[in-house]
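Look for chain A in each of the two complexes below; its partner is chain B in the first and chain C in the second.
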Partner chain A sequence: MNGFNLHRAYSIARKEVMHILRDPFTLALALGLPVMLVTFFGYAIDYEVKGITLAVSDQDGGPAARRLKEMFSSSGYFLPVEAVPGSGPVAMLDSGRASAALFIEPEFSKKIMGGGAVQAQFVLDGSDNAKGAAVVGYLPGIQRAAQARLAGQALREPFSFETRFLYNPELNSRWFTVPGLAAIIIGLLAILLTALTVAREWENGSMELLLSTPVRPLEIMVGKLAPYGALVLAGVFFVYLVARLVFGVPFAGSHLLYLAACLLFITAALSQGLFISVVTRQQQVAMQLGMITGLLPSMLLSGFIFPVESMPKFFQYFTMILPPRWFMAAARGITLKGADLGELAVPFLALGLLSAGMLALALIKFKTDLE
Partner chain B sequence: MKRTLLAFIRKELIQTLRDVRMRVLLFGAPVIQLTIFGLALSTEIKNINLAVISGPGDAMFGRVAEGFYASGWFKRVIYGSEAPFELIASGRADAVLIAPAGGLARSAARGDGRMQLLVDATNLTKARAVEAYARNIISAAAAREYGARAEPALKFDVRVLYNPAMESSMFLVPGVMGMLVCLITIILTAMSLAREREVGTFETIVSAPLSDAEVLLGKTVPYVLLGVMDAALVVAAGYLIFGVPVRGPLWQLALASLALVITTVSIGTFISTIARNQQQAMLGGFMFLFPAILMSGIMYPVENMPGAIIAAAYLDPLMYFVRLLRNIMLKGGDLHVLWTNLGALALMALVAAGAAYKRFKQTLN
Partner chain C sequence: MNAAPALEVKRLSIKFGDFTAVDDVSFAVNQGEIFGFLGANGAGKTTTIRMLCGLLTPTSGSALVGGLGFGDGGLGIKKIVGYMSQKFTLYNDLTVGENLDFAAGLRKLAPAFAKKRRHELFELIGFNKPLSSKVSQLPGGIKQELALAAAMLHDPEIIFLDEPTSGVAPASRARFWGLIRRITGLGKTVIVTTHYMDEAEQCGRIALMRTGRLIALGSPEELKRSAFPGPMAELDFKGAEPKPFISALEKAAGLLELSPHGMRWHAAFADKAAMDAALAGLPPSAAAALIQPSLEDVFIRLVEGAER
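Presenting the complex of A and B:
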């Protein structure tokens, strides 16, 4: 009677698989969400900011001013528009009709073509930081081009530098975002789906029924979680296929190592989902808790968009207890850098410890709650 | 009839808020999340690990490297005998700056003072920031070493409006606020109605002496109220904790929040009429939410997306809301922006509410 019986766990798993298959709509949504996400990040998100509307107030009207405007538009990043007379460029920033404004003073052409130094005021809409930082980054390029074409001589640069971007030489946005998506998908599906299914069993009383059978708690747990683990893994595999085949994201490292990272993170996430369901026993509360402790940290605190190293000291330590942070480090390291286990020892160790801890926590809570 | 409706709304409110955990999750969690995300997230890239490699006695290169560390964005990497590539491959350095052979001063005098900057581009945002920082630091160093000769003739005097220090919280708090309100209202509404169907209490409500419209109002008005309260709470938290200003009038903010919440609650209701259980309702909610959040401009500028996505973004209520929030809170509320975006949002609320009512009636019969 004691001990773990694989056969009984298998029966529970079969029952759970039937539950999932009987509800094709849920299955379709669970597999459709990863595909939707990867398509979106693949097609829509580009970190290179382009098409910045630039309101120009040209009080000079000379040839150099005209050439400066041309330079902005031929850079490919800016769309210069003449400021509406009367209201002025700043009013256009106020109403959101322009993202930046350029003021060219009278005498601009005369001064710069005569070899003098000139200033042009550049005003930026600071209400959108994502755009603002990029726009400022484009200015030195324009400055250098202006030197050659307006002042007539190339800027004498005593020294300069040459950048080599390793692992993603063309700075392709997809190579950056798509490999990290697995973390979001696991954080969403593994945590929320398990939390909800098990909470539902508590809600409608079928958990008591299951417990009165000779199946042991550990067997119930394994039986219930394994099918969801497989479902989530299928979602990750979908993302992998789309990333490789549609978006041509490279995979430099070992697939086996990647699978290991996925399995560790999925274990942690499923355990977290189970823990939430035992604590809440109600689907709505379970969903809210799952979102706060699972999905949002996976999206925002894992380094997916905002680098962990840029966070304040406290959060650099705090995020250490979040499995998605370590998974993200491992996933990006394996796919783009081709890092081996030795180089990823820290993320793997942390991921292993956290998932073991999470599993133990869920198990203990599950068992004590039954007694 | 009016009294039964009021009683019904009250019952729904009590039912939702009866659970202590639900009260905490509904009112405490958004404030805590806003605080965590506001403190933790930053669009400014910092703490970049930089290693510098040069020959012995290259004083000018040493001064250039000091410029990097003095900027506050870079951290020094101490290394042994590793090659530059190894430093990046092992993750110990994010970037490596390498001096030209024979020393910087000598090669600069020859006219080819080219340093090499190796950047780990696995993290794109970091890689871009490193290059932009390096450009500024190195041209400042050149001006320092060689004086006016190395200064460009055209200078840009850059001024940043509305958020001069480019503080991340000013940018992120309005966005995160829209996201939280949207997440809570859509999924909560969708799940609460799906739950009634699951448990079977839906029939009881339908058999009560209430018209279809009253049943719908009774079920949705409480969530509209909760959503607006959450919005107010998050704005207050942003103001008190992060000093995110509310430069425009409050009534504009209230109108915008109300229009958004009516839209999202209607969408939640619509999803619940399709979903047969709470799981489906939740997944359906996310199917709507993910694109809505990504297309809203909270994290990624909308203008930068492909044409088809921009067109789709015009159907995204959250995009209008985020525009309104940033305009009202940071820019002080431009009337043209207010009425066009609020109009679009109100139209959307009307359509969504109408569609939800129609679907709701169908499922009742």
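Presenting the complex of A and C:
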């Protein structure tokens, strides 16, 4: 009448591995999803907007105007072109030959020399608001830099404005997204696959057969979940390799700490999958619930795409109960900033608590439902 | 060992919320017996079996399965009984060998013992395909036999079969029952649920269940005798209009049971005198023949009759 028996858990795990190896859907999902995500987020989706054609209408022609244009071109984001006389910058925007336009008023340089206020108008094609938002984001930097350079030249350059982004100096969006893909892979795969596999045992009645043997609920749970934990970890490792070798994403922190964060999040995700399967007991429903509760929080509410800080207040609090948010914080902190456990105490503590809570919830629900 | 019953159930009940699924059931099963549960869907057959396998804990009452009770949450019982559920047989995507290895692993059987049992059971069920056969490619009857082998791999003394032949072709059903008889011939006890009357006829004793209660218990012959103490006639109207006679017969004194069987009618009476009196007015073209009641008649009288 002893407790947990490793042999029985191993028997279940081995059977599960055979199921996985023979189920094309599981295999395709487990292997295909990481490849697909890396391709999507690594190559196709690029939040940066570069090479924006900037039609310039320079009615001044003075040195300050020239300098302002240089500011734009040297930022690396803009390609200034002189507007063709006759057809103004607006016409270029209309025809799509330019995405933005810069108007410099007459006597721009002269006014600056005299110390007066000057204005330059920036016009942006707003039909693509994602692109527009990115471009608007570049403007304050350029404006501040220009202010410093143009106004300060008479003085002895009191402050030369220089923006430096820490951790990701080029603001390379791949550095930002690819490490976060681990959250999507764990969140979706671990939840979906375990929800499906345990629901399948309920649905075809084999759970009953398992329970008619001396096997314990905890042994079933460990045996069923361990192979998927390993599978998901393999997916995370694959993303890590691609991130490092293909995209050259730096890894500043401790690998061990990263692994710990992954394992905590995997535990929470597997538990969530188990919980779903116990509640639904049907593969169809489990799949839908797994998709929704697995993908959406990881994708939209974790800070993967949309920063938590810019969410409405309610969501900023709501995301606190979502493990992916804390995993994302820990993963980015470790990979990009090289943060240690002390600096990541909050995400790790939250992740640990949520994982333990999820595991306990799933185990209790699982055990009581069996009895 | 032989003297003790394989199974001893006393006043067993289980409730799910307000619903009493099994209500105050008592019986004993002897070693080497084929003991059948007969009843409609929802009568409590499967629930009773699941309690006796240690899958459910009874609300009240007691049971000794192979001498063991529920004290340890059914764990001891699970070790000594074999169970085949009505829904699941074997994992379709695994091979025969993998399925049996899995069953052996769950019960921590020593590899040598599992191998020996596998050979014995393959011989018993006459399985001669390779171990590497995918279960999904085997016919339903053979799957069922293999599932029985998997349930018996640990050599249990008591085997519970929950509707083992549902969805199996008639020829395979007969084969499976031959197998059950061979198993009890080895001294094992088999407890089986069914809703096929011809299968129930093959049980040593039958427990008839209705809405959670055990309403009759005995061998098929005993059940027939107690349900129908008098004679039974089968009426064949041979094209004549049966309605006027049947409605008169329904009011006849001494009629125990009247039920349609296809084009014919079965009428049971308290004694021969009552039968002769009631059948006197039978239309000339119709014929009455004295028949032995079948289990189906018993079922109709005891189960459906009580529901009217």
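Just so it is clear, the second predicted complex is superposed on the first by the 261 of 371 C-alpha atoms of A that agree within 3 Å, B and C clash if a C-alpha of one lies under 4 Å from a C-alpha of the other, contacts with A are read in each partner's own complex, and residues count from 1 in each chain.
Here, contacts are C-beta pairs under 8 Å (C-beta built on N, C-alpha and C of every residue); 3 or more make two chains touch, one makes a residue touch a chain.
Predicted model, so just to flag it, every value in this text is computed and none were measured.
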Which superposed partner A:7 touches (first chain B, second chain C, both, neither) = second
Who touches more of chain A, chain B or chain C?
-> B
Kindly classify A:147 by the partners it touches after superposition: chain B alone (first), chain C alone (second), both, or neither?
-> first
Given the touch rule stated above, what does A:291 touch, chain B (first), chain C (second), both, or neither?
-> first
What is the contact status of A:127 with respect to chain B (first) and chain C (second): first, second, both, or neither?
-> first
Given the touch rule stated above, what does A:213 touch, chain B (first), chain C (second), both, or neither?
-> second
Is A:24 in contact with chain B, with chain C, with both, or with neither (first, second, both, neither)?
-> neither
Of all the chain A residues, which ones make contact with chain B and with chain C?
-> 23, 204
Footprint of chain B on chain A - complex, ascending | 23, 25-26, 29-30, 32-33, 36-37, 40-41, 43-53, 68, 90, 93-96, 99, 112, 115-134, 136-137, 139-140, 142-144, 146-147, 150-151, 155-169, 171, 173, 175-176, 188, 192-193, 196-197, 200, 203-204, 280, 282-285, 287-289, 291-292, 296, 300-301, 303, 305-307, 309-312, 314-315, 318-319, 332-333, 336-337, 339, 343
So in the complex, which bits of chain B are touching chain A?
-> 19, 21-22, 25-26, 29, 33, 36-37, 39-49, 64, 85, 88-91, 97, 104, 107-108, 113-129, 131-132, 134-136, 138-139, 141-142, 145-146, 149-164, 166, 168, 170-172, 183-184, 187-188, 191-192, 195, 198-199, 275-280, 282-284, 286-287, 290-291, 294-295, 297, 299-301, 303-306, 309, 323, 326-327, 330-332, 334, 336-337
Across the complex, what residues on chain A touch chain C?
-> 1, 5, 7-8, 10-12, 14-15, 18-19, 22-23, 204-206, 208-215, 371
In their complex, what parts of chain C are in touch with chain A?
-> 53-57, 72, 75, 78-79, 81, 83, 85-88, 91, 93-94, 98, 101-103, 105-108
